[in-house]
Structures are given as structure tokens and as C-alpha cells.
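One structure is given here, and the rest of the page talks about it.
Labels for the chains are A, B and C, by order of writing; each one numbers its residues from 1.
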Amino acid sequence: MSSNFFNIYSHYFRNYYRSKSFYLILIIVVLASVLMSYLTFKYSNRVSEMLPSRLISLSKVNSELLMMYLWAYIMSSLPVFASVFFSSPAISSEIEMRTGYFVFSQPVDRTILVLAKYMAAVTVTIISLLVYAFSEVISIIYVYGFIEYNQLLWSMAMLILFILALTAFTFLLSSIFNKNLYAYITSFVVYFVIFYAVNLILYLLYNYNAFFLLNNAATIIERVYININPTIFTSNFSLNPAGINDIILSSVVFIIYTIACLVGAIIVVENKEVQ
Amino acid sequence: MYGTMNSKLKLLVIIIVAVAIIIPASIYAYNLYLTTQVGPPNFIPSNSTFVLKINQNGSSYYIFGSDKGFAILTPINSEIQMQKSNLTFNNTSIPLTKYANIGGFEVYQITLYNIIDGYLTNQSSRYLSSYPIDDQFIQNLTNESLYLYEPYSNHLIVGTLGEIKNTIYAYNHGTNFSNKYKYISSKGLAEFYINSNNETIWGNISNTSIYVFVHLTNGNISQLYNETSYLRDLGVKVIKLNSSTLELIIPVSSISKQF
Amino acid sequence: MEIKLENIVKNYGKFRALGPLSLTISQNGIITILGPNGAGKTTLLKVLVGLSKPSSGRIYINGKDFQNNRKEILKNMGVLVEQPEFYPYLTGREILEFSGKLKGLKGKNLEEEIKRVSEITGSLEFLDKKVGKYSRGMKQRLGISVALENDPPIMILDEPTFGIDPIGSLEIREVLKNLNKNREKIIIFTTHIVEEASYLSDRIIILENGIIKNDTLNDSDYVLVKVTGNLINLGKYQEMTIKKLSDNQALIRIRKENLPDFNREITQKNDILFIERSSQVEEAIRELSDH
């Protein structure tokens, strides 16, 4: 079974990294890296100019942590685009592009197919973001002379968990549709509209922080540097890094999304008619 | 829809395993969520012996601690302000010295000497100009230090070093008062909570009454109920809520009668 | 080897696409599923290879329930359903590696098998190009190569000559005929070309509105041929029945052993041709069903 898994994984991975989508994502990532590097080099000494006055309180703002927060803030949005390109059409394209006639008539479990394709999509997403991570490390070390390794590693670990969860989520959406266009639109709408709307309604009407939403959990990627949550409209915030409990909470949310969405996708694909 | 035992069984196993992971994980996540909020109960140690919450003009002040130390959590407002390394209290500026970064928070040290000196300096111009105070005398008087830090925006925690460390630990590790916040969450003039080995006492004070709840861990509430019978004569209502909890409702008027 | 379908029904909502259909194939050879568009040919094949689950009924391959032993059975099945598409950024060789490994081939065996099947189908020359650049015919040849991999004892082919040029189609037909030379396989294929069916088949099953209308199993010594041209020059063969469809078209039922000579004879005569036109074929099939 494991050799089947690796065989399927390697072929899907090859198909992904040779695709036009991969190069498009790389271009986006490179652009983002260039812009953030520019920001780092130009504004590293002028951090206080970037902050509103109410944020400069008794704690001296660590300029490097703030810069890494900004890098992480952008980085937490990049997987969303990658997942739309790689994962939204993952299952729907098998039907629309008719490759399902080939692959589903092979002697292999559909569960293994889904999992192998999922891992290929995760791998290619992580690879495309390596460019950004590498640029961040180089820029920060060059400008500040050192880097907060502890927080950086936490941020990267949370990013990987986020990619796992987000890819699983978009796989589930993809498995529901037979057309790529519907899968693309639904992924975008759910993440950028529905999640945000639910978050807004819960917070403004019920003063409730919707920690279970994927976009909220994803803020941990930047909050490991400074615990300011950009999705919550509260006047309470801390300029200290998020504590271990925040990290565990977001990790648990990511794991729940990963498992639930993958299981959902497997159930749908196992019963899917290829037509 | 037509399907076989094998494939159905496989799916069933997958679903059961997934549910077995997701449900406990969700419960755990929810409890974690409660402990990670940035607010007063997340900085009060869970094992505090006493917690007092005072509500005034829309702000809440918390005093808590144990026999080993205490701390005060206060909002920063017009009376108390913090700029860079100075604490301003009632227009008196008190210098702070940076003590250490503990658990990610910058902790500052203020000596009572500085408070008193600052206060006296303020007063001396009006009353004590002809009676110069010996600095050494003041320093000898107060060798104690208090410590403070900003737990989150517009709030300060001031207290003894041990208790300051306890609050930071409680926040970072989730061993805080968030699960017990119900004891001090009613809206009145003040709420209180006292915990000792055998009993927990909590309550709140409003304009008209003081509500006190007593929960005995091991004891028989009936005995306490009998022992407090004399209070009923003073106008206090004593109610047995269940086998281990007693409620006392003390009208404010009855207190003023006594005193 | 045996393929058995028991009371297979396939519904799409309220529409019954297939069945109730029962079929047993226990003799090796080429079995053609013939029928007009919408008869249910592709649906039947999809059900047979697990792309579609039947609404009711069971499928047994060599006595084993297909749904319970899908993976094991598909390892010994070569499948080409609909006009296949492959992952556009992989080469033909990588596609064959992918499916070959799933069928248990590896290393040198896999390389040799890829070479063998692509030589048979004539796809060797474009095997290292990315599939995204293939024409319809090239994809079809690649699909047949995939089906041929590991020399499976059962092959399910859906219109294998679709999209291939006439010369290529003839090549593919010869490939199938060669595969069937020793009668070691069960080859099920669908077509709406009667001539193709009659040339290749040991058995023809005619499907109409999702049910079997006619099965030449009962007629195993004979084949059906459609002829257009000068009907006077058909020649005479033992037990040859001619059903005239028009002045220059006829459906001929002829003993199998006489077919090669018959083919040779009439193709040499320029005024007699095999022509396939779908409306006429449907008409011919209907006529035959009534017969």
C-alpha cells in the first residue's frame, strides 16, 4: 500500500510542479518577497513611524519582532492563493477534465488516491512558500544581525499546520463539485466572505471571538511574534508574543479541520460517480 | 445506494476514528480558548486565596493574592498613567527601573521609597518646607519593592515579585482564573472570592444587599446552617442551596443598623 | 474465466439508464457490445469497471464479487473507457509507469512492458512528450497501451478506434485480432461500427434502451456483415443469409469460417464496399432485432 501511495504521490507531485499554476504562485510569492524585503530594508529603523500612537505603550516595541510580524502577516495569506490553485480543482478536475476515467479505473483505493494527491498539493504549496521564508530570513539577518529563531520556528510550524488544514478544507470543497469553476469560486467565497462575515457577526453582536474559524486560527502565524489579532476588533491586545496555550489552541483547530475535511472528502470521493 | 460490506465497513471505521479524535479535541480546544483570552481572569492565578473585584465608573479593579503575596490589576486611566519608564499617579511622577523580562513581559521595579519620596516631595513644598526629611530615614523606612508590568493594552498589574511571577505564569500556562470567573462575574459594586482548604466563599455587594455563598468541600452544610441561625434575627436570609452550599443575603440596611 | 452480471440496474434519478440486465461471459474471445447512441453501452462498461456503482444487482468476475475485490480484479483488467484524458504535464511514459506500478510491475519488467505495449499501439515515437500536447488519436493510442499493460486476461475497451485515423483504426483492429488469436482473453469492446463488430467479434450483444435486445451467443457460428454496393457480386457461400436493406445495401449473416474468404473476395471487387453510417446501422440493428 505504501509503494502505491508513493507512486501516486510522486506522479501527482510531478504534475503539480510542472503546471502553470505552480509558476503563477511562484511569481506571486517572489513579488511578495521582493516587496517585503524592500519594506524591511527601508523601514527597519523607522518602525515607530509605522505604528499608531496608541500602540507605543510602556513596553518598548521590538522593531525586529514587529518586522517579522508583518512578514508573517503576509505569509499567512499566501497559502490561501496556493490552495485555490492547487487544491480547489483537485477532485473536480478529475471529473471535468475526465482524468477520472483513467485514474479511478486503476487498481487502487480511492482513499489512497485522495490522500496521495492531498500530500502532493501540500508539498508543492510548502515548496512555493520556501522562497518567501528564505527571503525573510536573509532580510532580517542582514538588517538586524540576528533573528528570533524560537518565534520563527513556531511561526513556520504553525504555517505548515495551516497549509495542511486549508488544503484539506479546499479538497473537501473540490470533492463536492464536478466543475473547477464552482470549486474555485466556493473556496474564495467561503474563506474570504463567509468566514469573515461569521467572525464579524459573532464579535460585534455577541462579543465572541470565533476561535474555531480557520482564518482566525491562522493569525497564530503572526501572533507568535506579537499577540495582536488582526481579525478581532478589540481594544485589548498584548505586545508580547502569544503564549503556548494560544499556539496549542490554533494547532488543535488546524488538526480538527484537517481530519474532518479529509474524512469528508474521502467519503464523497468513495461514492462519486465518474460521469 | 448499493455498496458492499467491505467498503461500507472501511468508511465506518474511518468516520468513527475521526469522530473519536474530533470531539475530544473540540472540547479541549474550547477549554483552551477560555484560558487564552486577554482579559483580567487570564492573569489571576487559579489558586489565588482571595480575589476582590471592585467596579467603579465602568472600570474594574482586581486585588488578589495569597498569604505569600498580592497584586492589583488596574486599568490605566486619567489617575494612573504610564509613559516610557515613569508611572504617574495623581500627577506625581514615579521613576521605574527595568527589572527583567519575565515570560515575555517587561517587568519594572518601583520602590515604596520612590512612592513615598515622590509623595512627600509633592507635599513638602506646601507643608514640610521647614522640616526637611532625612532621605536615609525614608529609605530605611521602606525597603520593600513593588513590581509592575503591562499585561495587555491600557492595564497594569502591580504587586509583590512573587505574585507578579505567578500572574505571568498563570497567563502563559493557562492555569488562571478563567474557569472560575463565574464567581466574580456578576455586576455589582464589588465581587469577592475566598478559597481555603475546606471552603470556598464568594459573593457580591450591591447597593441594597450583600450576597454571600459558602461552599463546604467536606463539611456538612447543615451544621453551618444551624450555627448561622442567629443571623436570621439580624435580618439576614440564610438559604440552603444544596447539601454543600449555603447562601446568605445580608441587607445593607441591617449592617448599618449594627454599626 | 468468467464475467457474470446478475440483474444489474443503473438509475440516474428517475431515469433508468441500464437494466435489468443479466449476462454471463464464460468463453474467451472478443465480445462486442453494439448499439445506437444512448443505448447504455458506456454505462454498462462503467459499471463493469467500477466507475459507476449499479443501483442494484451484482457483478462477479471469476466467481469473486467485484465490489469486494475491486482492486484485485482491476489488476487483471485492462480498461479503456470513454475517450480518456491524462494528466497534461506528465509524459506518456510517466502515465504508463504510473499505471504499470499500480498493476505490480516494477524495474526492468516495467520498462520492457512499456516498450512492448507502445510498440503494439504505435505510440513509442511520442511517448516522451507531455500528454497535454497529444492529439485525440495519440491519447487514444496511449489509452490502449495502458489497457494492454501487464497483458491482462480481461480487457474492457470503449470504442477503441474513436478519434484514430482510418489507417490507424485498421491497425488497432489488427492488434485486437492478434490479441484474440489464441483465444486466451476475454475482450469486451463497444462500437457503433457494425463492420468492426462483425470483423472482430466472436459474439455480438446488441443493447437498446439499456437492455439486451439480441445476443449472438445463440448464433455463435455466424457473424454479421453490412455490405453496400453491387449486391449481385456478393458471391455464394454455404448458409449465407442476405437481408436486403435497400437496392445496394444488405445485412449478411455468414458462417465465421467463410468470412475471411468473403472479405477477401468482395474487397477485391471495386463496386462493393463496406460503409458505415450511423443512421443506417441503427436501422440495420433494429431490422436485425426484429428478425
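Keep in mind that, in the parts below, a contact is a pair of C-beta atoms (placed from the backbone, for glycine too) under 8 Å apart; a residue touches a chain by one contact, two chains touch by 3 or more.
Quick caveat: nothing in here was measured; it's all calculated off a predicted structure.
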Practice prompt. Take each protein chain as a node, join two nodes whenever their chains touch, and name the resulting shape: line, ring, star, complete or other.
Written response: complete
Worksheet entry | From chain B, the most remote chain by mean C-alpha position | C
Item to complete: Weigh B-C against A-B on C-beta contact pairs and write down the one with more.
Response: A-B
Worksheet item: When the centre of a chain is set as the mean of its C-alpha atoms, what distance in Å lies between chain A and chain C?
Response: 47
Worksheet item: Any idea how many Å lie between the Cα centroids of chain B and chain C?
Response: 81
Item to complete: Measure off the straight-line distance from the CA centroid of chain A to the CA centroid of chain B, and report it in whole Å.
Response: 38
Worksheet, complete the sentence: Where chain A touches two or more other chains at once, the residues are 271
Discussion item. Touching at least two other chains at once: which residues of chain C meet that condition?
Written reply: 53
Item to complete: Quick one: which residues in chain B touch 2 or more of the other chains?
Response: 1, 3, 7
Worksheet item: Taking the complex as given, what residues does chain A use to touch chain B?
Response: 54, 57-60, 111, 209, 211-212, 227, 234-246, 248-249, 252-253, 255-256, 259-260, 263, 266-267, 270-271
Discussion item. Touching residues of chain B toward chain A in the complex: what are they?
Written reply: 1, 3, 7, 10-11, 14-15, 18, 21-22, 25-26, 28-29, 32-33, 35-39, 82-85, 104-106, 108, 150-154, 171-174
Worksheet item: Which chain B residues qualify as touching chain C in the complex?
Response: 1-7
Worksheet, complete the sentence: The residues of chain C that touch chain B in their complex are 53-57, 65, 67-68
Discussion item. List the residues on chain A that touch chain C in their complex, please.
Written reply: 3-4, 7-8, 11-12, 14-15, 18-19, 97-102, 104-109, 271, 273-275
